[in-house]
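Letters A, B, C and D mark the chains as written, and numbering starts fresh at 1 in each.
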Amino acid sequence: MTRFFLRRSAGFVATLFGVSFVVFWVMNVVPGDPALVILGIDSTPEAQEALRRLLGLDQPFALRYLAWLAGMLVGDFGTSYAFRVPVADLIVERLPLTLSLAMTGMTVTIVLALGLGVLAAANHNRPVDWSVMLVSQVGIAVPAFWLSILLVIIFAVHLRWLPPGGFPGWSDPLGAARALVLPTIALAAVQSAVLARVVRASLLEVARLDFVRTARASGLARSRILWLHMLPNALVPIVTIVGMQFANVLTGTIVIENVFSLPGLGRLVFQAISNRDLPLVQALVVLFATIVVVMNFLVDIAYGVIDPKLRPAA
Amino acid sequence: MKTILATLLLASSLLTGVAFAKTDISIGMQQEPTSLDPTADATASIETMMTGNVYEQLTAVQEDGSVAASLAREWTISDDGLTYVFKLRDGVKFHDGSPLSAETVKFSLDRAMAKDSANPSKSIFEPIESVTVVDPVTVEMKLKRKDAFFLFNLASGKASIMSPAAIATNADKPIGSGPYRFASWTRGDRLTLEKNPDHRDATGVQVERVTFRFMSDPAAATAALMAEEIDAFPGFPAPELLPQFQSDPRFSVNVGTTEGEVILAFNNSRKPFTDIRVRQALSYAIDRKAIIDGAMYGLATPIGSFYPPHHRAYVDLTGTYPTDVDKAKALLAEAGVAEGTELSLRVPPFPYATRSAEIIQSQFAKAGIQVKIENVEWGFWLDEIYKKLNYDMTIIAHTSPNDLGNFARDASYFYGYDNAEYHQLWDRIQTETDTAHRDELSREAQKFLAREAVHGFLFQLPALNVVRKELTGFRMSSPVQAQPLSALRWQASN
Amino acid sequence: MRPKRPVSLVIGAALVGLVVAAALVSLVWTPHDYEAIDVAQRFLPPSAEHWLGTDQFGRDVVSQLMAGARSSVAIAFVAVLLGGVVGSLMGLVAASAGGLVEDAVMRLTDFSLAFPALLFAIMLGALFGPSFANAVVAIAFISVPVFARVVRGAALQVRSQDYVLAARAGARTPAHILWDHVVPNVLPAITVLATIEFAIAILVEAALSYLGLGVQPPTPSWGRMLAQAQTLLYLAPQLAIYPGLCIMIAVLGFNMLGDGLRDAADPRLTEGR
Amino acid sequence: MLAIEDLTVAYGGNAAVRRASLTIAAGERIGIVGESGSGKSTLALALMGMVADAARVEGSIRIGGIEMAGAHEKAWRVVRGRKVAMIFQEPLSALNPLRRVGETVAEPLRILNGMDRNAAQARTLALFKEVGLPDPEAKARQYPHQLSGGQRQRVLIALALSRDPAILIADEPTSALDAQVGLRIVELLNDLARRRGMSVVFISHDLASVARATDRLCVMYGGDVIETGPTAAVLAAPHHPYTAGLVAARPRIDARRERRARMATIEGVVPALADLTEGCRFAGRCRSEMPHCAGERPRVSISAQGRTVCCHLTDAAVTASEARVFA
């Protein structure tokens, strides 16, 4: 078990290291001078030079990268060029929104997908099954940003049930919840369509196994067998996809937050890249990558929880 | 729900005949600021929200462009135009309670002028020789040369008078001396200001609470206005959406003017633009009306040179190069530019630019020029086009006031334009303090630039404002980036 | 009893055929010049002249959509080809070399899967400016690890069956075994995956164009049409509907074709993704 | 105890079981024998009400006197496990791999018999002991993949016994096991039937196991019950040509191989469901085939000693010329 953790952690650190280096390097060669972006086209070269010195941009690349790494080790993510406040503060400020969006998106995805997938599998090769499959096939094909636009037209512009965008802050829980409804639907629609198909397929796979017959033969109800016997056995592929989808949802928020004017990490990363705000981009990308890697790790752990055969030897 | 409530309140106020005075206001802004310190960041929305509201300056620019007193009660200018003596208002306090004095004025200006200053408009401080404290309420400034725009420039947010103690925290917790003080900021979503009860003009300020809502997407902004979530949207980003509001009795729609000249910039240092005939040919190929109709839905004034049409010194030069494809072709042939020559058009990510680009592309095609459009990101634009001059053509709006001086920079400026004659002309404009004479010189400069066809001059960026009918005091045109909030009033509707 | 297989294969092939046909036909003919701007003719309703009306610049929508199909199909095709070849080679090499090489290749795919793809595309756009080539590279980058993993998995499976046999049959080099046994057996998996990746590529291309990172004007692209139509929702909502529907049809087509092919080839492949 | 009459199970137009009749008395051990595709498993599933939803069931199935043919799922659930229980061929896949085997056995006790957790557990351990699992407490905590094949089958038997069924259907319970292990499972079933007075339906294609495990035999071919009778008698003197062939094909260690070699198999293969004819389904493979065999279904004739046979040759006693007395 310890070995397993050690190996995973080593891979984890290596991945993050690689990601951070690539980002740092790319952000360095990308055309665009943060000082110029911040000061605008009417600024004097002298002021730009002064700002570059202030931001430490006059230091050589390697030195800056090492300094950044050293800072990371002691938990200092640096100071944003454009916002002029610690990067950690900016992230802490915006993480809750993005995480809640990703969480609600994932929750809706899972609930919807399990419902539809189980429904389809339980009615295999019947009209219900075909309709679910058709709906999910269409769902997969819908571009999330287009769906977002359609949702805004229908629910915000015409029906005026929900706000078209913006976020009133957590101090207004009802408003916050309302603001998250449409983005959540936009995020979850596509993902749940994908997941529902996986749920159905792996349930059908499991349905062929003999233990399902055994359970029926012992008198258990079909619904109980479906949910408590078959579904757990179908979970390995489902969890794998859920893990991948969490990453998708997380990057999906980049687009969704822009469409719905939500002040989350997705908007922030967009802004940070266009401002050439290296410390911020760096921290955000590393954060995204961390979440993805941790998610993969959790998925691996989940395999063991689900299936005793897959538990790493003690 | 909100609509119903508002209707109810409106109805009740009509019934009782008592004006219902709303004391808060919500204003939509397209551009999301990264910092709230105008002396550190050039983002225009920072100035719009903060200048004259949270931060005050020695002077203030009125809607008509004239300069008025602000923190400076009055001033005297020496006959040679090189010494300014400002008398400050008494008893002004910053929001943190610290007093404003001649010392703080000197501190703020010295900081902006300093060698290591990263002030975005550092050039406006360039003429200043020294700032001296005469007594606690008197500041004397000596200039190196005469500067016609000095008082105007001192009204800029970049010349804000700041509390020395607050310099480090102004980026996200601004402390100024203005009629409004900072309340809260949810980055990326909203900024809330509240009335400063200690301000000298506090009694005249009606609106207690102002919330700026950041919405970059025009569709979202429209929906928010329609849903009455916001009361005003100055600088509404999408002209195509205005008819929606014009037909709605709740709103007044105003098309104001700005200082933003939109140009099809030619890289004058690069072939074939070094040849004036090519520049003129392309100017003939431009159909401004089609561009304004297509890109701005007709809501912009065409310009024939580099000067805002609302200015008293403006000359209409749009007739200099009337649309004439044959003439364009002839001039191009004369200049040896082959039919089908490909030129790149690198476009920054602003709707006015990206839309104009596609129309210009089709117009130039008729004149035998293949335009290769490349929509680039702002950081990329600044580096590749602005800094490295790596482009043939681009489309950009110059939003600074009094910016005829752009053409008097040397060839390293992104125009790649350097003309000794014009340098002289600009020197005279800059140092001419007599208004009438200066206007005359400005007219001459406009004609010069049109004649030279330095760029394709397209149109003046309009200020599109959507404002609730009951709301008055809104500044519709902006000679500077500022939207004074203390003048806002809710009127009883009738 | 199983009507689904031929149905999804037929519908998928029909939709893909429609999109590809539109793309090909647009090379030689569109109802109107899709670049022709005439502002006076803008926002026209559908008519005999303009079947779906005109856009904000007075361009014919049908012509734009047809030419947009060309951009989508071309980018998706080149990107999937690139990603498929590179990824499959990586997968094959990993599976046949084993050991350190395999480890390295798999870590590389881990790495690229951990890297937010959209961010990569945005950075690429910022680095080189947006273009056809950048969209292709960004999309290929996304599909490489998927190909690598699936092909490696399939190759390992085949190899475990055939390797011993082949080795016993005669002194064949690993390369021969790879070519004779592994490649033909992995090919169906690659084909099916390619169709699905094609669908994904069309979606990603649309998203990139939507963000302004795809092909540049005047070449039409569904994603950019959508982005431009976004502010016109009140004025001409249909302009946002058409390109979205086109994207949907194309993606639906390729997905259903992929499903159909997969079922026809080997129902067991379902577990691959 | 259980009586089926004229039972037909059909998928689409094809009958997997055709007008089968069979009775099982309390405590009786009956074997159902046939090649794969003969309909024996379908028949067994029909007795559990577990044929596929799409299948058409006609005729009568009376369990404990109650007519179950055409009964709804709900009615069947009362029967399953309590009156009729079933164990399957593949003991590994027949157990939920994600559950400890103790939980698997305890679940129906808790859910359907309303026992609390402790009672269900105690009962599970008792059952484990009854089926001869060593160290029941430890075994109950293990997962299927941690047990041997024989142990898994014992767990399945414990599960089947848990609700004290009157009839236990064992569908090829030994064929996935080693011979020795299989033998012990057969012994266990015999033992349980004796002690509990429980009927056992033992389905197999292995005549040796059947001979050991059953009192009575039912031979199926192509969906038809072609012969029934006391196991020993049927094996000793099969009446139906197919049964005779089957008995002859039985591998025998002590046989004189050279002589048997020609007779060891029945030529041809079991026809596919869709190819079945109206007449005797063995027609085409039968060594004693007569012209009308293929077109006309033989009647069931009842002979002495409780034997039935379904063959046009019925009265012409099938000689034992092709079979040997079962040792």
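Everything below uses one rule, namely that a residue touches a chain if its C-beta (ideal position, glycine included) is under 8 Å from a C-beta of that chain, and two chains touch if they have at least 3 such contacts.
Because the structure is a prediction, the values reported are computed rather than measured.
Here the two chains linked by the largest count of contacting C-beta pairs are A-B.
Centre-to-centre separation between chain C and chain D, using Cα means, comes to 54 Å.
Chain B and chain D have Cα centroids lying 90 Å from one another. For the pair chain B and chain C, the distance between C-alpha centroids works out to 44 Å. In chain C, 126, 230, 233-234 are the positions where the chain touches two or more neighbouring chains simultaneously. Annotation for chain D: no residues touch 2 or more other chains. Residues of chain B in contact with two or more other chains: 217, 219, 222, 377, 379-380, 384. Of all possible chain pairs, the ones that touch are A-B, A-C, A-D, B-C. Listing the residues of chain B that touch chain C in their complex gives 217-219, 222, 237-238, 240-241, 243-244, 290, 293-294, 346, 349, 351, 354, 357-359, 361-362, 365, 372-377, 379-380, 384.
Taken together, the chain A residues at the contact with chain C in this complex read 11, 14-15, 18-19, 22-23, 26-27, 29-32, 125, 130, 133, 137-138, 140-146, 149-150, 152-153, 157, 201-202, 205, 237, 247, 250-251, 254-255, 269-270, 273-274, 285, 288-289, 292-293, 296. Note for the complex: chain C touches chain B at residues 35-37, 39-40, 42, 56-58, 125-126, 129-131, 212, 216-218, 230-235. The touching residues of chain D, when paired with chain A in their complex, are 48, 50, 73, 77-82, 85-90, 93-98, 107-108, 111-112, 143, 145, 156, 159-160, 162-163. On the side of chain A, the complex with chain B involves touching residues 30-44, 46-48, 50-51, 53-54, 80, 82-85, 90, 93-94, 149, 152, 156-157, 160, 163-169, 258-264, 267-268, 271, 273-277.
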